[in-house]
Every structure is written in C-alpha cells, then in structure tokens.
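Chain naming follows the written order as A, B and C, and within any one chain the residues start at number 1.
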Amino acid sequence: MRKILSKVGLVVALLIMVVSLGACSSTSGSKRDVLKDDKQSNTITWGVKADTKLFGLMDVKDNQIKGFEVDLAKAMTKEILGKKGKARFIQVTSQTRMPLLANGNIDAIMATMTITPQRAEQVDFSRSYFDAGQAILVKDGSPIKNVRDLNRKGAVVLGVVGSNSVQNIKKFAPKARVLQLSDYSQALTALKSGQGDALTTDNGILYGMSIENPGYSVVGGTFTKEPYGIATAKGQRPFHNAINHALTKVENSGEYNKLIYKWFHNVKGFDMKGAER
Amino acid sequence: MLTVLGAYSWVNIKFLLEGAWVTILVSVCSIVLSYIFGVILGVTRYVQIKYLSAIVGFVIDIIRNLPLILIIFFTYFGLPHLGFKPDPIWASVIAMAVFEAAMVAEIVRAGIASIPTGQMEGARANGLSYWQALWYIVLPQAIRNMIPAIVSQFISLVKDTSLATIIVLPDLMNHAQIIYGQNTNYTIPMFLALAVMYFIVCYSLSLFSKYLEKRIGGGNKKGKADEVVQDASDA
Amino acid sequence: MISIFQNYGGELLTGLGQTLLCSIIALIFALIIGSAFAIMETMPNKFARVVARVYIEVFRNIPLLVITMFFYVVIPMYIVKISGFASGTVGLTLYSSAFIAETVRSGIQSVDPGQMEGARSTGLSYWQSMRYIILPQAFRYVIPPLGNQFINLVKNSSVLAFVAGFDLMYQANVIASDSLQSMSTYMCVGVLYLILTLPLSYYMRHLEKKLA
C-alpha cells in the first residue's frame, strides 16, 4: 500500500514540476528591457567563446579572453553606451549560449554563431558580422581531402554539441559517425588523440586551430556558408536595433577592417580582401 | 624533456592554482550549506511529521537518484526561471549543496535510526520532551557515528566539482584542460598535476576524518550501526 | 515534454541502452577487481596489504572525470586507441572498484573472527576457510551496500557525456541543443534516470529492512 502511495506521490510531484516549469518558460525574459538596463548599469554583458583561437580564447597568462569577437564587442559597446561603456564577458560554449541568452544571464551572444532559420525562431539575429564557411580539419598526411571523403562507413567526425556544423555534416556525410564534444578545446584534443578522422566546424575556427597546431590543416575548402550573427533575445527591439546601428558605425569608421587585419592578416588561406568592409 | 618541464612554468602553475581556488571555494560553500540543510532534512525525515516527512522524503529520493550533472544543468538553466541568475560558480554551489544535502539527509536519517531506542526511552523516562531528547541525547550520539560517512560524502563533493566544467566553471579541471588544450605536450604533466592536487586535498580530508573519529567519535564499538551509516554514503 | 519523447525516441533509447550496458559491465568488473583487492587488504602478507591500500587510496581520491579523461585523451595518444564508451566504462570500473573494495573488506571483517579460528582448527587452510566459510557470510553483509553502489554506478555513468559515449546524458545534451528546448529535454532524461534508479533504491531499502 505504501509503495503504491509512493508511486502516486512521485507522479504528482513530477506533474507539478512539469506544469510550473512549462508556465515559466513562456514568460521568462519578456519583461526586461535590455537596452534600458544596460544604459543604466553602463554595462553590456556579452556571451563569448573562450576556447577558440582568433575569435575568443582564454589567455592563461592574465586570465582574460582575447579575440576578434571580444574586440568587436568592446568597439560596439563604446558605440552603444559611449566611451565609458563597459563590456562584460561571460564564457559560453555552443551548448550553453542559447539557454543563457533566454534566461537573461547574457544580453547578447557573439560566439561564432551562425544565423540559421531554426535558431531565428528562438532569437533575433543582427545582420552578419563575419562570413565563414564550414570546413574540416585533418591531421597532415590524412587520406581525407574533402568532406566527401568522410562519407563512408567507419569514418568518424568530431564536432561540438550545439553547433550547426554537426547538423550540416549529417547532410554532407550521412554515412559518417558524428561525435559531439562539449567545446572546441575538447574536440581538438579528441582529434589529436585519434578519436576521429576529422574535426568539422567553421573555417575561421579551424584556421585558428591549425595555427596553434602545425601538424593539422584545413582541407577541402568550405562546403556551406556560415554567416555569423549577434543573437539577442526575442522581444528586445530597441537593443536589437542598437546592435545593428553599432555594427554599421564600426564598419564605417574603419575600426572593423582594423580588427580583421589585427586578427587574420597572417592566417594562411584566409581571404583578407573578401572579409574587409 | 624541456617542453614537458615548460608545463610547470610559473604562469601555468598560477593558472592551475587559480582553478584550485575555485574548486576549494565551491566545495567549502557547498559543504557548509549541505551540512546545515542535510541535518535539518534528515531530522525531518526521521521524525515522521505527518505529510511533511513524506514530501521531504520524495524530494530527497528524487535528488539522490539523479546524476549530479543533470542537477547542475537544472540549476544553471532552470534557476533563472525563478528569478535568480547565478553565474557558474554560484550555480555549482547551489547544485552541489542541493545534491549533497539530500545525501547527508539520508546519512543523518540512518544515523539517528541506528541509535538504540533505549536512549530515547531513557531520556523520556527522565522527563525530557521528545524534541529535547532528540536534540540533547540522540542527535549528538548519532552525529558522532556519522562523522566518517559525512566526511566521506564531502570528499566526494570535492571530486564532483570537476563535473561542473560542463557549465564552464573555471575550476582546477577546467584550467588544466585549457592548458593542455593549447599545447599537446603538456597533456601528461597536466594529468599528473590534476591527480596530485586532487589527491592531496581529498586524502588530507580522509586523514582529518580519521583524526576526528579518534577525538570525537567512539563510544560505540564498530558494528552494525556504523555499517548502516556507511552504506548510505560513498559514491 | 511529450514531443521530446516522440521526436527523439530512438536517441533516448540508445542512450538508455548504453547507460545500462556501461553500468552492468562496470559493476561486474568492479566487483571482481574490488573483491580481489579487498581480500588482498585482509591477507597476512604485508606487501599485498600495502599494494591494495595504495590502489584503493589512489582511486578513491581522484575524480572520476580525471580518470576517464586520462583514458580518453592520454592513452590513445601514446598507447592504443580507446573509444569514448570504452574509456568511460574503464574509468568507471576502476573508480568504483576502489569503493567496492572497501565495502567488501568491511563485510569480510564483520564476520566474527571466531569463524576463521574455528575453520582453521578443523584443518582447513587459509584459502579454504576464506572460500567456504568467510566469504559466503561476508557477502550477506555486502549485498545492500552493493545495491547502493550499483545506483551510484548508474548515476556516475553520466560521465560518458564528456567523452561522446552515447549514453543517456550525452543524448540529453545533443537533443537539448538540437531541439533548442533545454529544460524539457533534461526533465525527460531525468525521468528516464529515475526509472532506472528509483525502483532499485526502494528495493534496496526493503532488503535492508529484511536483512537487519
């Protein structure tokens, strides 16, 4: 008898949890005005990567994240809040960035995030601030020369949970087995340990990896277009517009090209002229 | 050989120590919180207050039987729905405190139950109320018996903080992963450092537990009571 | 929440299967290894006791994640390639064996020393006494805590998520990101874990009362 009551109580408890959490998710985030709050606190909180060379990488020496996206975010913060505006950075992974934005932990995502229709249903994207393309990274001397070589039984591709690269690779190499690691640092380590034949993500990120790891190269060119966008929560029109305006201003002032040069001018195979605005 | 020694450069060691500091910070906060709440919950469970004990019992059972990683996710992604917006450090503290409190509660309940009922009867016979008997006679003895199990649980807590790297907690594990992620040659040195550092902290805690046992514990000779209590812990 | 079960039923089932497989394999081997070390700890031979003590202390004081990552990252780099599932299972086995060793040891030591004396005095050797008299009694004390260890094993198998082991927790992460519905996914997975662990937990409690 007690056992039956236990089970009934369990089901009731679970139902209460489900209902209350369901109610919560529909109302979260919409009451806040991000732009107003940020102007008041003089701080914009950005979600950035900390495991990606060139875009956002943790510098062990001073515990600071450094990269193109970090610099771009700082420049845009100054445009939105003025010269004294502060940019605060929260480390995100492809897996944690969307929930953190939805919860209001961060105001905007600038973390090598590709604009896709599926994501656009859940967040608002600025116009693209970087045009990447998906590619693959392999160990030098590997027989894999392009993504089509991966489309055979027994091939193992490494990716990161939450990146749209893993969804795309299933279209281009459906026979390959895809392993999703928790972030790029883990995925690269797995590649170096031989856990997979190739690592797939955006070419910019892969170039960063090949710079740090001379025995590995990007092969086969890009097989998709990956325009990066800054994501803001739905229902934040003023902030979303401010972001787009700031991006335009940064491009027009030449600051954007300066940053592109700073970070990408010695990256082999990178199309500098094409990236400048 | 030289590159391997480079793994232990001052810059890297400092970075590791910063991670270790976060590990210790999260552990200590969680230990304190989970101990307080664990004892409260454990007593509630034991005392059999009509509906409260049953509900508390369910919640404890559910939390105890879920993987810690899942609870960490629930806390980090779910808590904001309730209005709090914890950063990875506080989310980890809360998640671990909740999980460990449930574990401690079970240890406490088993510990109190293992005290011979004669103690309670004797106390009541001397005129003490139920709660007075519990607080002054039974509970102190129970806690003495529970010390090895509770400290063992806390050692698990320190080790389990490593799981929070999934939400980018900048702890010892995370910092070591960053270092060897950026330089493959440093992989083995980093794992060695990880093993040594965690071992030092955890083994010291277990030695502390043995010391506590000698000083405070005892009274009961080792027997069924201790086993029952020990069973409830250890992960 | 129902939509998660509908759309990702296959992945969740795979995850459930891998979790169970990992837990069962780890339990069997951890039992064998743990019992071996427990016996070593109680042997008269000092060297054996020291070796056992070192093994147990090492694996009890290092996080499971560190051990697993060692097998996933370091071993494949220098020795032999190990898959995510294998490294998680091996790590889990070694980690759990240390705890099981302690449990079995206290079981052995709970058996009244008179039993050993009696056995030896009737002419049985040390090993014969252990095998026919002591160990069978020890295991009676050891079953409930072993049940708890199995529940811990199932929970700890979630470490496979860190090494792409295709277990339930790994699937949770993949599905949460694919469907963009974190909370619903994690709740579904929570329910699935509870289906595995809760009945066992209640059964263990029931057993404890019976054997007490």
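As a convention for this text, contacts are C-beta pairs under 8 Å (C-beta built on N, C-alpha and C of every residue); 3 or more make two chains touch, one makes a residue touch a chain.
As the structure is a computational prediction, the values presented were derived from the model and not from experiment.
Asker: Taking each chain's centre as the mean of its CA atoms, which one is farthest from the centre of chain B?
Answerer: Centre of mass proxy via C-alpha means gives A as farthest from chain B.
Asker: Pick out whichever of the two, B-C or A-C, is joined by more C-beta pairs in contact.
Answerer: B-C is joined by more C-beta pairs in contact.
Asker: With centres defined as the mean C-alpha position, give me the chain A-chain C separation in Å.
Answerer: Result: the chain centres lie 36 Å from each other.
Asker: Hey, how far is the Cα centre of chain B from the one of chain C, in Å?
Answerer: From the centre of chain B to the centre of chain C is 19 Å.
Asker: When you check chain A against every other chain, which residues touch at least two of them?
Answerer: Within chain A, the residues that touch at least two other chains are 6, 10, 21, 25, 99, 182, 186, 189, 192.
Asker: Give the residues of chain C that touch two or more other chains, as numbers and ranges in rising order.
Answerer: Within chain C, residues 73-74, 77, 161-162, 182-183, 194, 198 contact more than one other chain.
Asker: So which stretches of chain B touch two or more other chains?
Answerer: 62, 77-78, 81, 165-166, 177, 180, 184, 187
Asker: Would you tell me which residues of chain A are touching chain C in their complex?
Answerer: By the definition above, chain A touches chain C via 3, 6, 10, 14, 17-18, 21-22, 25, 94-95, 98-99, 118-119, 122, 161-162, 167, 179-182, 186, 189-190, 192-195.
Asker: For chain B, which residues are in contact with chain A within the complex?
Answerer: Chain B residues touching chain A: 11-12, 15, 18, 54-55, 58-59, 62, 76-78, 80-82, 85, 87, 165-168, 170, 175, 177-182, 184, 187.
Asker: Using the touch definition from the top, list the residues of chain C that touch chain A in their complex.
Answerer: Listed in rising order, the residues are 1, 72-74, 76-77, 81, 83-84, 161-162, 164, 170, 173-174, 176-178, 180, 182-183, 187, 191, 194, 198, 202.
Asker: Under the stated contact criterion, what part of chain C meets chain B in this complex?
Answerer: Residues in contact with chain B: 57-58, 60-66, 69-70, 73-74, 77, 99, 102-103, 106, 110, 141, 144-145, 148-149, 151-152, 155-159, 161-162, 169, 172, 182-183, 186, 189-190, 193-194, 197-198, 201, 208, 212.
Asker: Help me check something: in the complex, which residues belonging to chain A touch chain B?
Answerer: Against chain B, chain A makes touches at 6, 9-10, 13, 21, 24-25, 28, 50-51, 58, 60-61, 63, 90-93, 96, 99-100, 103-105, 182, 185-186, 188-189, 192, 212-213.
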